[in-house]
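Down below is the structure, laid out as structure tokens.
Every chain is named by a letter (A, B and C) in the order it is written, and numbering of its residues begins at 1.
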């Protein structure tokens, strides 16, 4: 299992397979919004955490279709499926999700404070955004694995994955933004949405890989 | 040990490709599956490997003890693609499969030497020629042990010397008590192998 | 007696028998639906006006059944999904695939009628409260399932994929139902399906229930029609494939 994680992380960083593209897309989204919304710094500071979350969500959805397709193309997926009684397939999927998150999404989280500065978000808001993204984006990857597994056989399944997965990621977005805003705006609470966000991540950590494993098993042809 | 396929039907793309295929192999036996393209050879191998469900019939494997409870666990499947990552070195690729598949028999370096690639283990897999890539995939069969080898056009892209070397490896596996099912157009140099001809109209 | 019941159930699993059964039942269902709907709508217009909302309250008699049906359809699709994955019932996949567009339309109608009702009542066409958001998410899920089944055209593969996606999204249904209780919403709280019983006056409750039953029968009729169409469609595809294969064989015979 550790071997699988390390291999996928190595591949993610070596092959240039989209980690940098994801960060650039995140940057593009976050810088385009102020052009559209106008330079009112107060407004930007208020919607800043939300913009960061939306950008991270869209950028995470970008690379998801490659989660299993690369393995399918070179035949590794068959071998991963064949080893099912040695390594539970849901666990294999979980490890692949974690590796994908480490290489494709973690860079986004790290870059968040810098991008938040573009929108005049106060330091506590930056910290809250970063923390909620750290805890919440794995949920997007886990549930995205289901979409990736369902469309693994499709040549251009990328857009379809986003369409399928987006409704399911809306609760994650809602609570992530609520928690970020709660850290900044006084009356709003921070802890309850944050705990619900953590619960969502744990919940999807089970459901996502299990459903993805179920669908990969039926898709091997 | 015994691999038995009973009355199996195979479907591809929703259509029936073959039906009623049966065979049984004991330890040390080999089966060559021949036939024209589209006859369903690859589909049959994937069904035996457990990657595709059989539309009818059953695949059973007995005598594998705890390590190999059923056919899926007992098979090394060598399909058309090689199952290796271009961005990793040859040794990294094989080391990963050794860790993931378990049941280690040879180290990656020893396996590479048996297929004649001992000097290039440090090169990225993407730089290798077709024949060298195929030989790396064959090396994977040697690193982790599985009693059953399911081979789909194993010698595709190999030159004569490599083919001969691979025949030796197959014979060694059989005399070790293994079972081989190979789908192929070319003669593999296995005497005493049974033949299953598919797709005859 | 039990054996006969089991055999009747498995008979329906046979597509041909299903086609016959559905064909003979459909006129009756349509008739019942039109009668019930007619009665319900008549009662809806005869029912008293709301003391606050006046006559616009009458939208409720179609808005609420649409919303119920949106959720009922998805629940039925989830049951079909279980039928595909667990019992491998041959018609379960047909049921799921043909129900999805119908459910999407009912959800869209629920959102639209709710919006039309909301404008004079709340002063806004839309508000992002928990109930409207979760129903909108339901609409997106329907669209996702439709997109997935259209993208994977081979029935056996798309059956499993659609079933898994439907089941994963089922979590949204209880969220919709309880959203008005869990969050402070602009949408009014539950007044019919409550533990303490309905809070709505019988003079409005009865037309509402009759309309609901009428629309449910309408849904049933549409669903059966859609299932028949899907079965016929798959047969056409299978026949086309067979004729392509037959044409492949023919030149061999001609060469003899």
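Going forward, contacts are C-beta pairs under 8 Å (C-beta built on N, C-alpha and C of every residue); 3 or more make two chains touch, one makes a residue touch a chain.
Treat the numbers as computed from the prediction; the structure is a model and nothing was measured.
K.L.:
Determine the chain that sits nearest the middle of the structure, using the mean of its CA atoms as its centre.
P.N.:
Of all chains shown, the one whose C-alpha centroid lies nearest the global centroid is A.
K.L.:
Considering only C-beta pairs in contact, identify the chain pair with the most of them.
P.N.:
Highest contact count belongs to chains A-B.
K.L.:
Rounded to a whole Å, what is the gap between the Cα centroids of chain A and chain C?
P.N.:
Measuring from centre to centre gives 32 Å for this pair.
K.L.:
Can you work out the whole-Å distance between the CA centroids of chain B and chain C?
P.N.:
Inter-chain centre distance comes to 48 Å.
K.L.:
When the centre of a chain is set as the mean of its C-alpha atoms, what distance in Å lies between chain A and chain B?
P.N.:
Distance between chain centres, rounded to whole Å: 37 Å.
K.L.:
Which residues of chain A are in contact with two or more other chains?
P.N.:
221 - these are the residues of chain A that touch more than one other chain.
K.L.:
Which residues of chain B are in contact with two or more other chains?
P.N.:
Residue numbers touching two or more other chains: 13.
K.L.:
Could you list, by residue number, the parts of chain A that touch chain C in their complex?
P.N.:
143, 146, 150-151, 153-154, 157, 160, 163-164, 166-168, 170, 207, 211, 214-215, 218-219, 221
K.L.:
Tell me, which parts of chain C touch chain B in their complex?
P.N.:
Against chain B, chain C makes touches at 154-156, 241, 245, 249, 252.
K.L.:
Which of the residues in chain B come into contact with chain C in the complex?
P.N.:
Per the touch definition, chain B meets chain C at residues 11, 13-15, 201.
K.L.:
Which residues of chain C touch chain A once you look at their complex with the stated criterion?
P.N.:
For this pair, the touching residues of chain C are 85, 133, 137-138, 140-141, 143-144, 147-148, 151-152, 157, 160-161, 164-165, 167-169, 172.
K.L.:
Could you pull out which chain A residues touch chain B in their complex?
P.N.:
The touching residues are 2-4, 7, 10-11, 14-15, 73-76, 78-87, 220-221.
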